[in-house]
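Heads up, there are several structures right after this.
What follows is chain A paired twice: with chain B in the first complex and chain C in the second.
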Partner chain A sequence: MTSTARILAMAKMVWVEIFRKKDFYVAFILVGVVLVYAANLRFYNIQGISRYLMDLGLALIFFSASLLTILLAARQYPNELRDRTLQVLLSKPVSRFEFVIAKFLGSLAAGLTCFILFILVFLFIVLSRAGSISWVTAFQTVYLFALNLAVLAAMTSAFSYFFTLGANVTTTFILYLTINLYGGSLGTAAAGLKGPAFIAAHVAYWVIPHFEFFDARQRFVHQWPALSAPLVFEVTLYAFLYTAFFILLGWSLLRRRKV
Partner chain B sequence: MKLRVWLCVCWIGAAFLAVPIAGSFAADIGHRAPTDPLYLLLGSSKEGIGDLMFLKADAYFHGGIEDTFPEETAEQLGREGVIEDHHDHDHDAHAKNRLSHWDWVGSMGERLKNVEHIHLAAKNRKELLPFFALGTALDPHNIDGLLTAAYWLVRDYEKYDDALQILEKGRRANPRSWEIDEGIGQLYYRQKQFRRSANAFIGAVHKMKRSTVDPPRRAEIYYLLADSLDHSQRPAKAVKAYRRALSMLQPSMALYTKIQKRLKA
Partner chain C sequence: MMHPITVENLVVRYAKKKALDGVSFSVKSGEIFGFIGPNGAGKSTTIKSLLGLILPDEGVIRLDGLSPGQARSRMKVGFLPEETTFYRFLTPLEILDYYGRLFGLDGKLLKQRITYVLERVGLAEVRHRRIGTFSKGMVQKVGLAQALINDPEILILDEPTSGLDPLARLELRGVLAELKKRGRTLFFSSHELSEVELLCDSIAILREGRIVRSGSLEEVVGTDRRKNLELFFLETMQAPT
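Right after this comes the complex of A and B.
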């Protein structure tokens, strides 16, 4: 069995896990119910209002897909430890690097599958209401969020070799939300600070993965022009570097662990 | 089996107890318990969420950008597409000045977001309505929000009844607001229901006495009151109101000349 085959086999097991748990089905039903309800709202008897639906739908889908990815990636290593299957896995010809890569790839694939299923429901409902959308911007929105899931899955995976399950989920989720909300304005806020706060804010500004780069919802909802190809490439490179960094961090943390 | 019976007894007992407990709480408060479903659902955060809806409507009007643009006049609000020439400042320049040349993180963020100051085209302004509907339902105390919602409903869709409904609800929630009375008066005035507009302007004029309003603004309302009275066959009162309006204006002002012409006619 080649290294790739071993990684894919382990990743497939992670991918299957998301459909064995109830989390995905609960999120899927919730997204569907909220979207159908929101699509049936009428405002002052005026037809063709759709942006609020896109805004709400994408926010809900981004949130649900991120949460499912965090929960899945965070529980991989702790569960292997708890079930005492880690020793069995690593006693076979599976290197620690392959283990880290497989857990990351499985979590990412599961998160992407959930995201794509949510998006299909979203597109079906939005197209029945709005009639037409910009497909280029829609594709860019989906692509950039897929990059977001890659960085998020790698980050959660890396943290799982250091934190306990609960601490990892809480830390990652708070960090993710905070960066999404304030990551962009941190640089401006840092400029107004002094002393150690100035240094701490600047270090944080440069070190954190800027998840807000991967959020093109506004562009899609408000029909702005599509992003240029070089800019999409830059963001892809940014996501690739952060993903690689977190995978290597996870590997380095696992190497120090005694199994 | 016994355990299940006891579980049911406890559950039903607790459910029945909830009714007298809720009654006691209501009696303690000293007035009738709130029945508004939105209040029951959201509690005191209702108004905060309502204000967020108005801010969201403002962001939608500016192409989704949640930023603080300077206050705009009705004429400026009516302009569509990219607004480049009427601002004292250039938004792009702001963004560039804020970022130093080595701040590639900020630069990438700016390139990913739209920083142009745009106004929603008329055909797309219906997209603001969900936020006005929610905002006015959640926070009837936000007078600016109510007036803005009514303004756009009438301006783009001639939904006078819906706009009046919003303002009437606002009047009940803000009995001291002259702005809402003026808004109601304007709606009736535009529909040529002069008797009703006169009554609303009279209400606005009375309430204005308790607040500080600029003389030209006060004169404008007196002028509309006078015009409404004139059209509803009450000339003596109309002349009195015209004269009050004149007393608040400078002779160089356009409205002054307009009123003088009316008085002569």
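Right after this comes the complex of A and C.
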């Protein structure tokens, strides 16, 4: 059996897990209810309100898909360790590198599936209300967020070999939100600092994965022009490098650990 | 002649403390080998080393002449851990399909193995039920089933009777006796000394990371019928180090 087949078998288990537990269904119902409710709101025909609601809906979908990915990726290693299934798994012809890759891929596949299901509901509502959208921008928005989920799944997986489950979920979530909200302005803020604070802010700016790079919601909502192909390529490369870095970090943490 | 399991001068340290201190033993082909000792003696550490889950600080382990870290040696091994929960959201059928695929089994061969193993451990009737709804004894049967899915030449069992009722123990003894009859090698760690006495050909007694006695059951306990393994074990543990 090839390494790929073993990785796919393990990744499939992670994918199956999310649909056999309640988290996904709770999030799906919640997102669906909020989207339908938002789509039926009427504010005295105020201009631009539909765009605002579209923005809100997408934000909710991004948030829910990210949260589900974090929760799933974070619990893989600690739960396998707690239930002793890790010992069973690693006593089979499975290498630790295959294990790390499989857990990442499974978490990503599950997160992406949730995201696509949410987006389909969203698009159905938007198309039934607005009539038309820019498909190129819509595709870019979805594609960039898929890259975002890849980096997030790899980062959460890597942290799971170091932190406890609770600490990982909290740390990753706070880090993810903070970077999304303030990551872009960190460079500007750093320029106003002096001494060690200046150096620390600059190092942080260049080291953190800039999740905000993958957020093209505004472009879709306000129907701005699509991103250029070279820029999309650069962002793809950026996501690929961070994903690879986090996978290697996870593997280096697990490689020689006594389990 | 090469033994299926050979351990030479095994040393494992956790931080600075030696969990295993020069452990050596070998298990002959087709033998049931009992590995006994009190809590914290190093039984689980030995098992983890045999499975390649822990890299020893010193010493050599060979499974059929191969290092336990090699995929080729793992293809020959089945492992039943102590009190595993397994994936509660899966059914026995799904879990055996999953583990079988990790051994490269698929198609008709995998289906045949799953059917055989489920019937052998008595889970055929509940193969579509989620493991989350199972009793402790039934989960232990799932554990045994997954350990047998690759028809292993070497079976490593960590406290296999833990949590089993007398009837389930009897069934387990039947499975292990059948495996022995088919020439499989079994490494058996247990607190249940009566089980060890009933099943094992050879034993090793571990105390504070060292083997204090080893050999065939007769060699270790002696031929005095009044003396059973439990009495001998207690004497050994109470003796000054």
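Observations on the model:
We adopt the following convention: the second predicted complex is superposed on the first by the 253 of 259 C-alpha atoms of A that agree within 3 Å, B and C clash if a C-alpha of one lies under 4 Å from a C-alpha of the other, contacts with A are read in each partner's own complex, and residues count from 1 in each chain.
Here is the rule we go by: contacts are C-beta pairs under 8 Å (C-beta built on N, C-alpha and C of every residue); 3 or more make two chains touch, one makes a residue touch a chain.
From a predicted model like this one, the values you see are computed outputs, not experimental measurements.
In the superposition on chain A, contact of A:207 is made with neither chain B nor chain C. When the two structures are aligned on the shared chain, A:88 is found in touch with chain C, with no touch to chain B.
Applying the stated contact rule after C-alpha superposition, one finds that A:256 touches chain C and leaves chain B untouched. When the two complexes are overlaid on their common chain A, residue A:229 makes contact with neither chain B nor chain C.
Of the two partner chains, chain C is the only one that A:13 touches; chain B does not reach it. Applying the stated contact rule after C-alpha superposition, one finds that A:52 touches chain B and leaves chain C untouched. In the superposition on chain A, A:218 contacts chain B only, with no contact to chain C. Interface of chain B with chain A (complex): residues 60, 63-65, 98-99, 103, 105-106, 108-109, 111-114, 124, 126-127, 129-131, 133, 153, 157, 159, 162. Partner chain A is touched in their complex by these residues of chain C: 14, 48, 51-55, 71-72, 74-75, 77, 79, 81-87, 89-90, 94, 98-99, 101-104, 143, 146, 156. Interface residues of chain A facing chain C in the complex, by the touch rule stated above, are 1, 5-6, 9-10, 12-13, 16-17, 20-21, 82-85, 87-95, 256, 258-259. The touching residues of chain A, when paired with chain B in their complex, are 41, 43-44, 46, 48-52, 184, 187-188, 205-206, 210, 212-213, 216, 218-219, 221-222, 224, 227, 231, 234-235, 238.
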